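There are two complexes below, and they share chain A, which is joined by chain B in the first and by chain C in the second.
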Partner chain A sequence: MVVRPYNDELKYLEKVSDHCWRIKKGFQPNMNVEGCFYVNSRLERLMLEELKNSCRPGAVGGFLPGVKQIANVAALPGIVGRSIGLPDIHSGYGFAIGNMAAFDMDDPLSVVSPGGVGFDINCGVRLLRTNLYEKDVQPVKEQLAQSLFDHIPVGVGSKGIIPMNARDLEEALEMGMDWSLREGYVWAEDKEHCEEYGRMLNADPAKVSMRAKKRGLPQLGTLGAGNHYAEIQVVDEIYDKWSASKMGIEEKGQVVVMIHSGSRGFGHQVATDALVQMEKAMKRDKIETNDRQLACARINSVEGQDYLKAMAAAANFAWVNRSSMTFLTRQAFAKMFNTTPDDLDMHVIYDVSHNIAKVENHIVDGKERKLLVHRKGSTRAFPPHHPLIPVDYQLTGQPVLVGGTMGTCSYVLTGTEQGMHETFGSTCHGAGRALSRAKSRRNLDYKEVLDKLDQMGIAIRVASPKLVMEEAPESYKDVTDVVDTCHAAGISKKCIKMRPIAVIKG
Partner chain B sequence: MLKLKLEALGHPTPNDVALSNRKEFASTILWVEDQKIRLYTIEDREKLRNIDNPTMWEEGYMKYCADLNMPPLETQQEQLSWILSHAVRLEFLDDPAQFASINSKQDPTQSNGKQAHQKVQSIFDGKINVQDKAFVDGVRLLATKLDVPHHPNHLLQLEAVARVVHERLSPAAKGRQPILGTPFPFDTGNDVVSSNDPALDLPMRILRLLQIQSLRQLQTHINETIVAVQNITANPKTDTKLGKVGF
Partner chain C sequence: MEVEFSKENFLLPEVKYEYLDHTADVQIHGWGTSLKEAFEQCGVAMFGYMTELDYVSVEHCFEIEAQGDDLEGLLFHFLDELLFLFSAEPYLVCKKLKITKFDLETFEISCRCYGEPFELGKHPQGTEVKAITYSAMQIVQDTDACNYEVFVIIDI
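Take a look at the complex of A and B:
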């Protein structure tokens, strides 16, 4: 890594508009394209401070600052357009979380990188609507939170309550949500309202190690730990009435359920296995990167293809996982209100993926090209009339579900034409970490965090309360800042804001 | 749309054709006949040439419309539009090779026409000659009765008629419940159509809505099929004994 004084570093950065910065070539060695990032004034300060800290003499270890990571990604072979940082960006393994990059499928040198997908493959958010209102749920929210907690196993090492054997798992990995449909855990309409229709067709369970399958099997249908949660939320604000009504959200106070989860230990193992393979492939094919964490392999190499197939299987795992939790949530609600999920109108509004690489067609320099789009901590946000979004959202644009942090609000945005041009149809995914987990544990007290939620009138059930401060709102950037930046930059449009009334956490 | 057609025909002032003015309308008709259609010999165009003598011109125009086989169209705009389309078609047929690079493979009217032809032929099992004049007249009459706009290819028009009958007049359509729900204003949606040409905006929005409607039907069929299969395969189970909340 090049080490320069902070003021010299700044010469490579240029503010091109109120919400967008350009990272010029030369900021890191061998950049093939430029980088850029989207911020508002507050996020900008965080971003530059992080860079400044890393420029202090003697600063070693830990993750590179987000800006540097964006620039390192811009140096990967085959990248097209720009390496893009979204407003919720923070340092991660190889790629920053909140970094998206697209690689040309027709360039034989192009690479796929597990670091560009992340360890929690197809971590994502699903939003269920109900026809209940806050007044129906407030009086019973403690019981409802308990009921959800009883139905959905949470926490590190939790085990699911949907019986599965090894053969079921193989089928689920190949079929994704089609498996859940076949077994009757979800509704046909759920599949319709899911990115990729809940199934990646190139999944190949044979490319997944036994170890990953062993880790994954008991965990299917569990929420997991870390930043994952299930929340009962109420609609707090509607910015775009027509788009909201297309999603079945009519008025303020309507109750929705948000499920944020991923592929658990399964995806983690798939990523770990791939990284080992890729280091070998890099040596063989003489691929050089600026950062060892950016392990990658040519898309067309055996390692690259094997990873894409295993990643697709992990993505399918995550969809089955969220589908199983959808089933359990519907059961919990139906029991509580003594009715059926149908009568509660508990439809899936949408299901988005945060950590995934997909083959998509985009217009680059006026020509249509087939790209492998890596989105890590970034949500796909396709504009109205895009053929890959469900027919119900053809007029509104793809719904983008942005989960906030525990106790803060969440948003639904819609994709825009401008986002399609500027960011390959991508936008933010959440609040984005501001403090590292270790730092949060040192600085915050878990009792205070829980008390604060209590004061806000939020019912909470946690499997491991002593880790709750890692996920406290103080550890994160302000999700409203993040969403407002995306809205102001035009890469997605605000539609609905929700606030939580009950939280289930790992 | 008129402007586009006039441009395509190489009209000297496509922007300045004022439709409200009958005289200007007359001179445009004359220009098209003189330059493009050439249905009459030069001598026969005499009556149309009398732009300054309205009675004489109208008489000539009536005959001209009949000779062109123009369907009964009410407004001046519709008539001009039809005549211009006719002219464009003739222009194209004069030298199709010239446009081969643009639409040789998927010229919409041609391929649609062929498809429609095959479709109709297969329905009638070859027992009816669909190019027969009586058949054509029958289709045209049906279309007039149902207010289906004119199309030069009567088979495409027949398809449109069939669609109207299916959507509005069939027994199934009559018994159908009206669609409930909040209407979505299609002209104020998030979708940008074309910012520079309002004349294209509306038809494009309408076409997109039709496309969405047929997609919705397809998706509903898919969902119904899935549900039918689920009735056989689905057997969701849970076993709370397996559950373990981690720490």
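Take a look at the complex of A and C:
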């Protein structure tokens, strides 16, 4: 890594508008394209502080700041356009979390990088609506939270309760949500409101290690731990009434359920296996990167193709996983209100993937090109009329689900034409960490955090007490800053704001 | 593979590990008077993040093997094997690790892992470890001072 004094580093950064900074070539070696990042004044300060801290002379260990990671990604072979940092960006493994980058599929040197997808392949957010209002749920809030917590297996070491054997798993990996539909866990219309209709067709379970399958089998239908959650939320604000009504959200106070989870141990192992394979491929093909963590392989190499097929299987796993929890959520609600999920109108509003690589067509320099788009901690946000979004949202643009943190709000945005041009149809994914986990544990008090949530009227069920501090709102950037930046920059548009009334976490 | 062991004269090692700061993840720092000990400590530290080891009793012993291309690779695969031991059958949480073969020429490890299967209700749920990473991995070997240290970032 190039280490220069902070003031010299700043010469490579230029503020091009109120909400966008440009990272010039030379900031890191061998940059093929420029980088950029989107921030408002508060997020800008966090971003630059992180860079400043890394410029201290004689610092050992430590980690690369997000800006440097954006620039290292800009040095990968085959990248087109710009390496883009979204407002919720923070330092991650290889790629920063909140970094998107697109690679030209027709360039034989282009690469695919598991670090650009993340360990939790197809981690994503799903939003279910109900026809209930806050007044219906408030009196039974605690019971409902407990019921959800009892229905959905959460936290370390919990096992799925959807009956599954090894053969079922193979089929689920290949079929994604079509498997869930066949087995009766979801409704046919759920698929319509999922990216890729809940199934990546190039999935090949044969390219997945036995170890990944063994890790995955017991965990199918589990929420997981860390930042994953299921939340009962209430619509707090509607910015775009017309788009909201297309999503079945009519007025303030309506109750929705948000599920944030991914591909569990299965995806983690697929990513780990691929990184090991790619280290070897890099030596063989003499691919040079600025950072060992940016392990990658040519898209057309055996390793590259195998990864894409295994990644697709992990993506399918994640959709089946979220679908299984959708099923359990519907059951919990139906039992509580003594009715059916149908009568509660518990439809899937949308399901987004924020850790994934996809083949998409985009216009680059006036020409249509086939690209492999990596989104790590970044959500696809396609504009109205895009052929890949469902018919119900053709006029509104794709719904983008942005999960907040425990006790803060969440948002639904919609995709815009400007986002399509500027960021390959991508936007933010959540709040993004600001404090390290260890720091959160030291600085925050378990009881204080819980009392605060209680005062806000939020019921909470959490498997691990330690997690309460780690995941406290104070540990994260303000999701409202993140979303406002995306809205102001025009890369997506605010539609609905929700606040939680019950949180279920690992 | 499960192996027989005797609970007589069974001693638990002293704690020689800590958890360091990292924005999204956690860095494990393990140390010892031999590299072998530092590796063992690092492995136990990982389990200590998943649950509270005070609640774990030693009931079973499983033997694992790991191999790498270099020292870093060996540490990576050693920890990956341990994570697998927890993530699938036998869902073992280890309180003590005893490396029985530590070959630094072929980079091979055999290790005995003492603990019991994770059980909800008995063992408090800590944080889930997604993966082992090479990120900022450091292996410090000071043979003169008999001081060995390893630093590993685990993705959580």
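In this section, the second predicted complex is superposed on the first by the 506 of 506 C-alpha atoms of A that agree within 3 Å, B and C clash if a C-alpha of one lies under 4 Å from a C-alpha of the other, contacts with A are read in each partner's own complex, and residues count from 1 in each chain.
As a working rule, a contact is a pair of C-beta atoms (placed from the backbone, for glycine too) under 8 Å apart; a residue touches a chain by one contact, two chains touch by 3 or more.
Every value quoted in this text rests on a predicted model; they were computed, and no experiment measured them.
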Between chain B (first) and chain C (second), which does A:353 come into contact with in this model arrangement: first, second, both, or neither? neither
Quick check on the superposed pair: does A:463 touch chain B, chain C, both, or neither? Answer first, second, both or neither. both
Contact-wise, after the overlay, does A:225 reach chain B, chain C, both or neither (first, second, both, neither)? both
So, does A:40 touch the first partner chain B, the second partner chain C, both, or neither? neither
Counting only touches as set out at the top, which of chain B and chain C does A:326 meet: first, second, both, neither? neither
Report for A:246: first if it touches chain B alone, second if chain C alone, otherwise both or neither. first
In the superposed arrangement, does A:157 touch chain B (first), chain C (second), both or neither? both
Looking at the overlay, does A:379 come into contact with chain B only (first), chain C only (second), both, or neither? neither
Is A:506 contacted by the first partner chain B, the second partner chain C, both or neither? both
Common ground on chain A, meaning residues reached by chain C in one complex and by chain B in the other: 155-158, 218, 225, 463-464, 506
Mind pulling up the chain A residues that touch chain B in the complex? 149, 153-163, 181-185, 188-189, 191-192, 218, 222, 225, 240, 242-243, 245-246, 250, 327-328, 331, 383-385, 390-392, 394-397, 414, 416-417, 463-464, 493, 506
Using the touch definition up top, name the residues of chain B that touch chain A in the complex. 182, 184-186, 188-192, 208, 212, 215-216, 219, 222-224, 226-227, 229-230, 233-240, 242-247
Chain A touches which residues of chain C in the complex? 19-27, 50-51, 80, 84, 86-89, 91, 118-120, 123-128, 130-136, 138, 151, 155-156
Seen from chain A, its contact residues with chain C in the complex are 61-63, 90-93, 97, 119-120, 155-158, 211, 214-215, 217-219, 224-226, 265, 268-269, 271-272, 275, 292-293, 433, 435-439, 463-467, 470, 506
